[in-house]
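Once you scroll down, you'll see the structures, which are given as C-alpha cells.
Next come two complexes, and both contain subunit A; in the first it sits with subunit B, in the second with subunit C.
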Partner chain A sequence: MAIFRKKEIATNEFDQVIVGTSLTKEAWKRLKKNKLAVVGGVIVIIYALVALCADLLPLYPYDQAVTSHRNLRPSLTKTAGELMMEQEMKNLFFQAWRGGRLELSDEEDAQIETWIQQSKTNNVWDLVYARGMQAIEEGTFEWNSSEQRRIDNLLEDIETETLITINSVSAPVDGEMVSIEDMDYDTILSLYAQLIGADIELVSQSMYNEVSAAVTNELRANDSSLTGEDLTAAVEMEMDAMGETAFQNRAVQNIIGYIEQIAQRSASSDINSLITSGQAQLPYRGTFDLSNGLHVELEVSRVHERRYICGTDYLGRDLLSRIIYGSQISIAIGLVGTITSIFIGILVGALAGYLGGKVDYYLMRFVDIMYGLPYMLLVIICMAIFGRNIINLFFALALVSWLTIARMVRGQIMSLKNQEYVEAARSMGGSTMHIIFRHMIPNSLSIIIVYSTIRIPAFIMQESFLSFLGLGVQAPYASWGSLIGDAVSSMALYPYKLIIPSIIMVIFLFSMNFLGDGLRDAFDPQSKNQL
Partner chain B sequence: MENKEIILSVRNLKQHFPIDEGGILKKTVGFIRAVDGISFDVYKGETVGIVGESGCGKSTTVRSIAQLYKPTTGEILFHGVDLCKADKDTLLKERRNIQMIFQDPYASLDPRMTVRNIIMEPLRTYNRRGLLEKKYTEDELEERVKDLMEKVGINKAFVNRYPHEFSGGQRQRIGIARALALNPEIILADEPVSALDVSIQAQILNLISDIQKDMGVTFIFIAHDLGVIQHISHRVIVMYLGKIMEISSSDELYSNPLHPYTEALLSAAPIPDPKIERNRKRIVLEGDVPSPDKERHCCYFYDRCSKRMDKCASCVPPMFDCGNDHKVACFLYDDRPVAEEADDTLTEEEQKLKAKEARKHKKD
Partner chain C sequence: MTKYIIKRLIGMIPTLFIIVTLSFFIVRIAPGGPFDGERALPEAVKRNIEAKYHMDEPLIVQYGRYMFDVIRGDLGPSYKYKDYDVNTLIGVSLPNSVVLGSMAMAVALLFGISLGVLAAVRQNTLLDYIPMSLAALGLSIPLFVFAPFLQQVFCMTLGWFPTTGWFMNDAPVRTAVLPVIALSFAYYADIARLTRSSMVETLRSDYIRTARAKGMKNSTIIFKHAMKGAMLPVVSYLGPAFAGILTGSIVVEQVFLVPGLGKFFVQSSFNRDYTLIVGVVIVYSVILIVMNFIVDIVYAYLDPRISYK
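And now, the complex of A and B:
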C-alpha cells in the first residue's frame, strides 16, 4: 500500500518541492506551539521512562523491609544510621526532659505542654533535640550510663550490621546452571529436601500442610463465622479446587523463600568473618555455594549506610522505590484501562452507529442502563466478587468505562456516515469495510486520541480511589493510591509519607491533563471554547 | 441530433422514505414521496438539466440513479440493464460507468487523504477487483492520476496536498477528476456549482463543457440556477414535488414554456438588464410547496396553479406530447396526444399501510 511505496517528492515546473500538509501535521504544529502541553508531554515522557526503567535504576528493592529503618524521615544528606541515631537521641532527650534532667526555659516548657496536647509530636522532638544538643555542647547536660550504653550499642550496630541481599540462586541441572525460579516443582522440591537433609515425602507433605494452612487463614479472614468442621470441609474443598499447578506455584514460592533464608543464614557467618578479617570490602558482591551445589549470588552492604531520599514507610521499605514501582502500576492501569475501554467503546459505538436501527437502539439503551448504575459501586462489587488482584482491577475498571467512548464513537460514525465523501466512496463501489477503515476510522481517530489522553488521568484517579479504600493493589505491590492510603493513618506524625506520593501523582495528572487539553485544541481548534 | 442512442432510461421511478415513530416497536406512519413516479430517457452525449425548487426531488432522483438509495419501485435501465434488480457484481461493473460529482466541494473530499489518494480511490477499488481494461501497476495508476489532474486544470505537482489546501473551485476540480477517473459514460452532477462563487462557477461550467466535448460523456446536471441550466444543457427536465412537469429541449423551454409552473419558474429568474427587469411582469406563486407526505390524486401543482381547472383536481395529468420533443404534464394541452400515462398507483408498502389504517378505522 501507499505507506510502503518509495517516497517520491512532487515538484512543480520550477523544481520547487511541494509537500502537502496533512491535518495531523497541522495539529502537531499547533501542539508544539502550546507550551503548557509540551511541558506536560515532556513530564509524562519522563514519568514513563522512569517507570519503564525502574529495574535499571539503583533503587533498593521496593518490597524489602528493613525492620530497624521504620518511619525514617526523608533526607538528602544523612544516612539511615544517622537518622536512626537522631531519632534515638530525640527519644532520650525527651525522656530526660520528662525526668527533669534536661532543663528548658519556662516558656519552652509551656510550649511543649501545649504541643503535646495538640499531639504535635514532631515539634516537641525537634525542640528537645535542638536544646539537648546545645546543652551537651555547653556542657550542662550529660548522658547517664544507661543512656550512654544505648547510644553506644546503636552506634556499634550501625557500624557493623550488614544486609545480605540474595540476587539469584541457581543449581546445575543437566550440566547447566538454572535459576531456581525457572525450575519445576519436583526439581526444586528434591533440591530443598537435599539441602535440609530430609526425606522428599516428608518435605512434600509439609508443603501441602503449609499451603492448606495458608488457605485456612484466607478463608477465616474472608468469613470469620467458619469454625471447626465447616472450616475443615471448606479448606478441603478449596484445596481440591485449586488444582495441581496452582498448588505447585504456591509451594514453589514458599520453597524459594526458605532456600533464600537458608542461604542468607549460612552465608552471613562466612561473610562476616571475611569482613572482620579485612579480606572483603563493603559493599560486597560475591557468590556463595551451599552444601548441595546450590549456587548463590549475593550482595552484602552496610544496611545503615542507605540513604532514603523520600524516607521509609511503616515497614522500613524505601519510599522512593515504592513510588517508582507504584507509578509503574498506576500508569499501566491508566494505559491498559484506557486501551481496553477504547477497544470496547469503538466496537460497540461503530456497530451502533453504522448499523443503526434496532441494533443501535438496543446497544444504546444498554449503555443508558449501565450509565444509570452507580459506577464506583459496580467496580467495588466486581472487585469483591472476583477477588482483589491487578488483573481484576483492570477488568472491573474497563468494564464500566467504555460507555462514554461508545456514545462518542457512535455519534462520530453517524455523522460521518452521511458525509458526502462517504457517499462518494459508496458511489465509486467502495465496500463497507473499505469505507469504515479508510474513511470513518481515520476521521474519528483524532477525537478518540484526544479523549483517551483525557481518560488516562481519570483511570489513575479511580485506581487510586480504590487502592485508597484498600480494594485496589495489594501488598507487596504499591500504587500511588495505596501509598497515599497507607500514609493517611500516620498523617500527623509522618506527613512526608502522604505529601511526597501526592505531589508525584498530582504532577503527573496535571501534565496528562495539560497534554490532553493541548491535543484537543490541536486536533479540533473549534472545540476550544466548548468543552 | 438524429438517431440518438438511449443510454439511460428511467421508468416510473418512485423513491419513498418511510416516516417512523416510536422506539422499539417502530411503526411506519407514512411516507415522504421524494420522487413519485418519474420517467425520462437520456441520450448518449447530451447534457440533461434538472431544475426545480428545493425539495422537489432533483437530488433524490440522481442519487437513486447512482444507487445510493434503493428505489422503492421503478426501473433504471442502463444499457438495458435494470440497476435496481442487478446483483452486486453487475451493479459494481455498471457503476463504473455512472459517476457522481457532489454539491459541496468541502464535504465531498475526505480531509485525511491526499489528492493522489482521492483520485486514485476509485481506480484502486476497480483495479483490485480486475474490473478495469487491464491490471494496472501502481506507477501506471499514478500516471493516470496526473493526467486527470492536468485535464481538470490542477497543477500535477499538488498530488501530495490535502483538500484543505485548495480553494472551493480547485476542490470541485478534484471532485471532477475523481468522477472522470474510471472513464464513465455518464456523470451525475448534483448541483456542482451552487456552492461556488459566480466567477468560479463559469470556470467549472466551461470545464464540464470541455470535458463533454473531449470525452463525449453524458451529463445529468442539477441546478436551481436557470441561467446555468440554459447555458449547459441540451434538454431540461422541470420537476415539482417529485413529479416531472415538463421535458423539453433547452432552447424550446426557455423560448416557449408551456407548463404554468415553468412559466412561474422562468419569470422568477432575474434578467441581467435593469430596464427589462423593471418592466417585466413576474408571476408570483402563492403559498408554499406542500408537504410531500400525502397521497395525491390530482395535479401535483394544483394548489398553487393560477390556471387550475376542475379537471385538474380529479386526476393526475399524463404527459402530453406537444411536438418538437416537448412534453408537458398539464391539462391545458389535453388536445395533444398523450405521450405517457400518469401512474398514481400505490407502492406495496403504501397499500399495506393503507389497509392497516382502514382496519383501524373500522374498529373505531
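And now, the complex of A and C:
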C-alpha cells in the first residue's frame, strides 16, 4: 500500500499509475449502476440459498401426507388442530343453517343462496361461521348432542394424536447393536423372521416371490406384448441375470421397509402408554427400546400442533415445504438444462464457424430444419411416451434448445476467426481443437454467459409448462409448474394453493429477467433492450 | 422474387418429411401401444385388432403405407376414438384453435406495435413506462399462471364472463375475450419490447434526421419512414411467435375449456393413439412452416437490402 500512496502524490503527471481496465471490470461497473438488475441478482441469490439449504431448514417433510390435514388454509397464528376445528364447525353451522336451527336475516339467507349458485363456498362458510359464533356467544344457539359429540371427539383427537417418525432402527446382533441399514442379507432375514415369528426358509421364499413379482411388473411396463409363457421365461431369465447381490439388495430394501413398519406399530403402543403415564413429554425425540428387542431412534410430536404457513395440499402435505423443495427442482432444471444446451450449442457452433465450408453448410441446414420443428410438441410426445421422469425431462428439453446458442457461437467464431491472435496461434501449429477451445471460446464466453442467463427463465417456464400438463415432474416430487397445475382444478375453493406458488415463481422469473437484461446491457451496451 | 418463393416452397418439403418420419418412429419405438388398456385383451383378439390396423406388419412397411396415405391427404383412422378418422377429429377442432390463435396474434400485434411505437416516440415519459412495465410483467408471468388468474378474477370474483363455453359453439361472443387476452399477453410483451428498441434505434438514424431537416410532418416521419425499417425485427420474431402460440393454446384451451386441437394432442400422447398424434403434429407443423414461409416473404418484401438469388 505504501508504494501506491507515494505514487498518488507524484509531482509530475507522467509519473501517474495507469490503471488498466478490462471489459469485465467495465461491465461490472455498469451492472452495479443498474439498480433493478442488482435487486434481481440479490433475489436470485436468496432463492438459490433457500433452495440449497432446504434440508437444513425446519420444514416438515415435503412428501409426508397427514390425512386429517387435507386442504388447510394458510395461517400464521393458528395450528393445524385449530384450523381443523374451525372447518368442522363451519360444516356444522352450515348444516344447522340448512336445518333451520341457525337463523340469519333474510338478506343474508338470500345472499347465501346466490353464493351457493355461484359456487362460492368459501364465502358461505365464512359467513355462517361468523354468525354462528356470534349466536353461541349471545346464547341463541346451542349444539345438539350429536354435534357436541363430534366436536368433542375431534377435540380429543387433536389433543392426543401423535405422529411418530422413525429415524433409524437397530437390533442386537451378537450382543452388539447394529443398524438395520448396515446388516447383510442373512442377518436381516433372520431378524425379520424372528420378529414375525416365521420360519427363515418360508420368509426367504416369500422374499424371492416378491422380487420376482416386481420384476414381472417392470417387464410388463416395458414391453406390453409379453404374455403367458413368454413372460414367465423372461422373468426367469431376468432373475437369473440379476445375480445374488442384486437380488439381495432388493430384498433387503423390502425387509427394511417391513421392519420399520413393525417398529412404528409397536412404538406407537409403547409410547402412548409412556405418555399417558406421564413419563414422556411431547415433542419427544430420542431413542427407545421396544418390547420386541428393536432399538429405535424416533421423533414423536403432536401432529395437530403443526403450523402451516402456506397451508396444505389435497393430500395433507405442507405446501411451504413443497414449494421450497419444488424450487430446488425448478431451479436445478433451469441450470442444468441451460448448461447442457450451452455445451451442445458451443460444440456445434464452434465447429461450424471455424471449419466453414461443407461442415458449416450441413450443420447449419440441420439447425434450420430443427428450427422449423414444433419442438415443444416433440418434447410432449417424448415425455408422454418414454416415461415421465426428471432425467427424460432434462434430455428432452436440452436436446431441442441448443439451436440458438449454436447460431450465436457460430457468428462469434466467424468474426473472431480472422483476428491476429488466432492467426498467430495457427502459425505456431496449434491444433483446431486447441484454437477453438483455448482461444476463441474464452473470447466469446461473456456473450454466451449473458445469453444463458436469459435462457434460464425460459427453461424454467418450459419445465413448468410440461409439469402443468402433467408431463413433467411426478409425485412425490414437486416443481412450481406441478404445484400450479394441481391447484388449478380447485382454485375456486382453495385459491391460496394457486396464488402462493404462482407468486413465488413469478418473483423469481421477474428477478431473473431483470438480472439477465442488466447483464446483457452491461456486457453488450450496443444491443440495449433487444430481445 | 418468384424464384425465391419457389425455392422456399421446395425447401419446405424435407422439413415436413423429417417431421413426419421423426414423429412416426418416436411414437412407435416407445414401449406400450394403443390397445394396452387396464385389462389385458385375449391374445387372439389383440392379434385381430392389430391385423385390422396393419400393426402386425414390419415397421418399415407400416411407414411406407402411412406415408402413401399422408401424401393423399388421409391421416388414417383413430385408434382410440373408434368410428372416427383423424381427418374428422382434426376438422372439428382445428377451426377453434386457428381462430383462437389468430385472434390472439392480431391482438398482440395491434397492442404490441402501437404501444411500442408510442413508448419509443415518447421516451422516458409515463406513456413509455406503463406499456414497458406491462411488457416486463408479460415476460415473467407464465401463461399457465396468467390464465387461471384471469379466470379467478374475472369469472369467479367479478363474474363478468362465463367460466366455460366457446363462442363458436353457440355461446356468447364474450367467451372469447379471456382466452384471447391470456394467449396474447406474452406475445404483446415481446412485440412491444422489440418494437420500442428497434424504433428508438431507427429514430436516431441519419435518414430520419434528414427527413426532419426537410421539415416533414412528424407523423409522416414515424409512420412512413421509421416504421418500415423498425418493423423488420418484429416480422422476423413472428415465426417463432407462431410456434409459441400453437403450444400456448394447449394451456389456454385446457384452462378455458376451448374445444380445440391442443387437448387432443396431449390426450392422444397419453393414449398412444399413434395416428392421431402424428396427424396433429403434421397439422401443427404445416401451420408453423407456412407461417414461417409467409414471414420470410414479408421480410424480404420489407427489407430492400435482401436480394433474391
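The rule we apply is simple: the second predicted complex is superposed on the first by the 393 of 531 C-alpha atoms of A that agree within 3 Å, B and C clash if a C-alpha of one lies under 4 Å from a C-alpha of the other, contacts with A are read in each partner's own complex, and residues count from 1 in each chain.
One rule holds in what follows: a residue touches a chain if its C-beta (ideal position, glycine included) is under 8 Å from a C-beta of that chain, and two chains touch if they have at least 3 such contacts.
Keep in mind that this is a model prediction, so the values were computed, not measured.
Participant: Could you tell me if A:439 is touching subunit B, subunit C, both of them or neither one (first, second, both, neither)?
Facilitator: Only subunit B; A:439 stays clear of subunit C.
Participant: Should A:510 be classified as contacting the first partner (subunit B), the second (subunit C), both, or neither?
Facilitator: Touch status of A:510: second partner only.
Participant: For A:461, decide between first (touching subunit B), second (touching subunit C), both and neither.
Facilitator: It touches subunit C, and subunit B stays clear.
Participant: Should A:76 be classified as contacting the first partner (subunit B), the second (subunit C), both, or neither?
Facilitator: neither
Participant: Name the chain, either subunit B or subunit C, that contacts more residues of subunit A.
Facilitator: C
Participant: Which subunit C residues qualify as touching subunit A in the complex?
Facilitator: These residues of subunit C touch subunit A: 14-15, 18-19, 22-23, 26-27, 30-33, 36, 40, 43, 136, 139-145, 148-149, 151-152, 156, 159, 190, 193-194, 196-198, 200, 233, 237, 243, 246-247, 250-251, 254-255, 265-266, 269-270, 272, 277, 280-281, 284-285, 288-289, 292.
Participant: List the residues on subunit A that touch subunit B in their complex, please.
Facilitator: Residues 2, 5, 9-13, 16, 18-24, 358, 361, 419-421, 423-431, 434, 438-439, 442-443.
Participant: Please give the residue numbers of subunit B that touch subunit A in the complex, ascending.
Facilitator: 23-24, 26, 63, 66-68, 92, 95-96, 98-100, 102-104, 107-115, 117, 121-122, 125-126, 138, 155-162, 164-165, 175, 178, 182
Participant: Please name which positions on subunit A make contact with subunit C in the complex.
Facilitator: Touching subunit C from subunit A are residues 118, 120, 221-225, 227-228, 369, 372-378, 380-386, 457, 461, 464-465, 468-469, 471, 481, 484-485, 487-488, 491-492, 495, 498, 502, 505-506, 509-510, 513-514, 528-531.
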